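Just so it is clear, A, B, C and D label the chains in written order, and each chain counts residues from 1 on its own.
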């Protein structure tokens, strides 16, 4: 336990805003923590809330879903659906006892590289506070 | 073999003395009873009707690793249980012990299943006779009874202030010795016998199984199944809670590069149980699945092993949410005219 | 209460119709405190049908889970209507099934039954023990009278009715072609106090609770199968490609199964409580559904199963939806 | 094509000069990748995007028979097209490419080199996990029918129609009212140049009627539209005019003889002038064909007109009048659509405190236009207070103009600026000054927005002409006494003094609103609205005339308030956008579209509801002899966003290249800690 807990975060970023925003954070050489690993999807509306459940089960300590700001969705409405879904999924997980700090969502536009870096830091900080996700992680199970 | 007894308030002491055994006894989670490994003997109580989940899970766990391997490697590491490790099922009801002896037929048939058999070999079964059968018990109709000794190593009777223990096998004797039980008197044996007889009379439900195994195949296409299958939910309650149902599915599971092959309970009541890769399903609706469950227990199994694969524990009746009552089905099957089948 | 003779007469009338294939209602069970759901196809079977406070099952469940047999080449599929008897709560399932296009309105004949509440088997068995008798039960605004094999017991409603009945807001069917019996007055409201109470627990205590509950699960899927909203051709839980949930039973897979189930019912659950009723190992499944129902109502002002014209909750949005945690 | 079932993956890790290699231990990543399942080749190269880098991949595809390629380099948003092209050239389906973004997401943002290397490994492993399940996708092209449907024949529709027709393509121009021209035809002069609106518009109106490539359908409405970009089918209802279009010469004798002549308020004149039951909306109307108003015509509404029967029939020489005429449905096929349905002016009912309904000397800007138009009911004299026969009246002496009526006003739900009112009121003030040199003119404004070419100069000129501008937003306008004096109650916000300004004419600078019946078009095309209620363009900056529906473009005020030059510019842009599709003749269909597994679909239609593009519909499916409803994706409409997949409960609908079964392995890799 001497080593500090480093949470592992799986992030789902929409191709048009947030992934581009993450790219901008890169091109602007902003430094952020390596804990967040990104999966590219075309739209935040693509992210099935069950992905999040799966990520926690696989061993992620937190998840991040990021899309375009409301009204800016490349596909017009995808982020509105995403917002509704994750608002609710987060409540459901909270009811089961999952720390709500593990479920994070953000609006990051293609021009918000700095915001993306901030979002990463905040997401990692929240997951750190929540501690290792060991409630229903698969690897816990002794075969 | 031997007649023993121990005082009711010595139950915890008896269990404590069984250190060389891994002891399983009924334990409550909320209102639900299930056999669990005894961690604190003080918490064990034998005042129960029967467990919701039958103790078949102790021989045939719901999920069981068969072997482990590493992805990309051809080496496997079998996970066969160790028979030399002594286990005891304490307080098992006669019907559930009877069930083991029925399932033994299958797991020792064309292929000796080491996972099941090793567990069986290493396990001592200490039964508890039923003084008050439940509303839907019908064990005497299928060769059992509230005080049946089938499959047991010892049988206990709750005589109020003491438990009378009748050891039936060497394993039973070993248990009596390990537990340091005192010898019982004739009066106790008589009281136990009396209790057994009384209990038998209290069993409210019954079925005359004569002729059923032979008749069911003739009702294969009979419409009478539909009056039950039409309300069947297709869930796994009746089969998962059945002490004799023994079907399993095999799955490979991997965590990164570590993998295992495991088997887990499966049920003929699920549509995917009989679903072919082609998309064809020989049992396309619940009618065929309901028919299969009953026919397997009361016809196919006896045809092969000469014993009905049902112990009359009543669990499928008690827990079916839509009142599909196996006795009702059997009763209706007896009334059904085989020739009607053609018109189905 | 409904006159049984009238009910059977209406059922007979309905079954005689050329355009009706089957009727789903209730009949007396072989034993105990619950009536059995009944699927009848012939007018001669109408006399089996009953309605009283033991008729707890939701007949609407059976409309959608019926498996159609393959139709032989050249033959015509049977497209006649299905008639279904529904209590107020059951009728919400029909409404929601219509919203989700499980069938068209003209495919069903709905026989509505105003209801004063139904008996909870678990509560009854706690009071009177398991019985082999075929129990019947009458309910009025104050008491429930149970006839247990000739022995009549009278119990306060709150001690024996299903929890859903004690907070019932829709005692009268929301959709029906024929109403069997007089409409009744609503007697309760739902303040979701149970959800509030559960939420007071710490995350650790919540998980401790669920760890224990989910560990019991034997994955018989009765909760899924009985649900009137669960009738996917292939449930994601059973899918192998991709495999969302493994078939192994352990705390990880069991938890994921239950959360998936609750998620898939978010904004769809009509609170008939059948999932919890049928669970053989007494998992308080409704605790998750109730949480979703409450939050959907609070956050999105949405209530499923009350309006046939409504858009499905997760297939619509409001630009002003809450987003307080979004960065 | 080399697409065998068993994956053979090539992994290419790019140094990007030192951009990647100086932070990430590239050889370690290459070594790690070489051991992953299915990986046949794993290489490092300085610049993968360079020609030699691409050739490396191409050679391996040829020699090692690779069937999946992973490039670990920069963002796929940068070079995905480059590498797709490269592997296509090597004979592999371009969708067998997956990229791991180890520059923007790792080397450029991570401080610790060891951590960066570990993260890069993970990203490569996730890419391999997904690559194992990639599928070959087909890029399809569909032909574009070389014709365009334009809805609305105001200046926007007219201009777009002329441009497209001049380029040699067929245009169907559909107009709801009996004449083309729209709002612009109602205007007197245009700001800031004071051109006569009719003079510049009518030649174009005549052109659209005569152009060989334009089929003009006035008094017609779009009823149905189906299909997708390049291949739309439309049903148009040509409403019955009760006048034979070909026989009518437009002589107007019928209208003179109509028993209701001059007794029905004219819509064109904003109800301050009158017409008959058979009418031409205005003298320069195109087509110059008469129309009978079926709701007002005695013969049509009452079944009887006078003792001798309809006078118009008797009067019409060519015998053009036909009371038996019925609506006609026309079906057309088009490749592109331009929506130019225009706007409605702000309805004064929503602002009763300005007393418009009670006082006939309180008029809207558009009423003013008709009042001062030489072709208007008063012949261009701003006469107020005429009697029913249109006689008598007075010329105003004190005129007030009010800005921002129904614009920039949250209380009526319109937060936006209507963009034209400042200038049209300045123009109208000028017109009053011109016609009534002695009148006292006061303009009440909130802010003056004179941003266009020549606008500020014009505003200056108007002020110099003796028009007083007072900064203040009137709270109330009411009648005082028995004469026609009305009081404008306002606070001069520059001096802070409350005023009760007495005027005998008040002109309300009403703003522009979305058409009241905008829903009809929204439902037909599944278009979206922005918060102001106008149609939403595909991108506010870069795709201002496109919509989310491919092949459907916007022109003019239906997208938001505009003045005439902006409208014309946008119309030309919309025309050019439609022409791009039609001139090329083919359109690429997105390859990464959603696909339905009909056997798994429960037919609930959640996906249909969620799809922002109307790409999904429920169709009948024969499932083992039983007919069920299942989702069906129109691939030409689908944009591959995948919202449908997240809404689908059974996973029956999936976007290609982003299927659940492709994403879950990525989660599995990234979820597990190193």
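As a convention for this text, contacts are C-beta pairs under 8 Å (C-beta built on N, C-alpha and C of every residue); 3 or more make two chains touch, one makes a residue touch a chain.
Everything numeric here is computed off the predicted structure, so don't read it as measured data.
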| item | value |
| --- | --- |
| Winner on C-beta contact pairs when B-D is weighed against A-C | A-C |
| Rounded Å distance, chain B centre to chain D centre (Cα mean) | 70 |
| Chain A and chain C: spacing of chain centres that average the CA atoms, whole Å | 36 |
| Between chain D and chain C, distance of the C-alpha-averaged centres to the nearest whole Å | 46 |
| Computed distance of Cα centres, chain C from chain B, in Å | 31 |
| Chain C, residues touching no fewer than two other chains | 69-70, 234, 236, 244, 250, 314-315, 319 |
| Multi-partner residues of chain D (each touching 2 or more other chains) | 531, 599, 610, 647, 660, 664, 672 |
| Junction residues of chain B, two or more chains touched | 255, 262 |
| Chain contact topology (line, ring, star, complete or other) | complete |
| Complex interface listing, chain D residues touching chain B | 37, 599, 672 |
| Residues on chain A engaged by chain D in the complex (per definition of touch) | 8, 10, 15, 19-20, 22-23, 25-27, 29-32, 34, 37-43, 45-49, 51, 54-60, 71, 74-78, 81-82, 85, 117, 139 |
| Of all residues in chain B, those that touch chain D in their complex | 71-72, 255-256, 279 |
| Chain B - residues contacting chain C, complex | 29-32, 34, 49, 52-53, 62-63, 134-136, 204-205, 227, 230-231, 233-237, 240-241, 249, 251, 253, 262, 264-265, 267, 270-272, 284-286, 317-319, 321-323, 325, 327-328 |
| In the complex with chain C, residue positions of chain A that touch it | 49-50, 53-54, 57, 70-71, 77, 80-81, 83-85, 87-100, 103-107, 118-119, 122-123, 135-138, 140-141 |
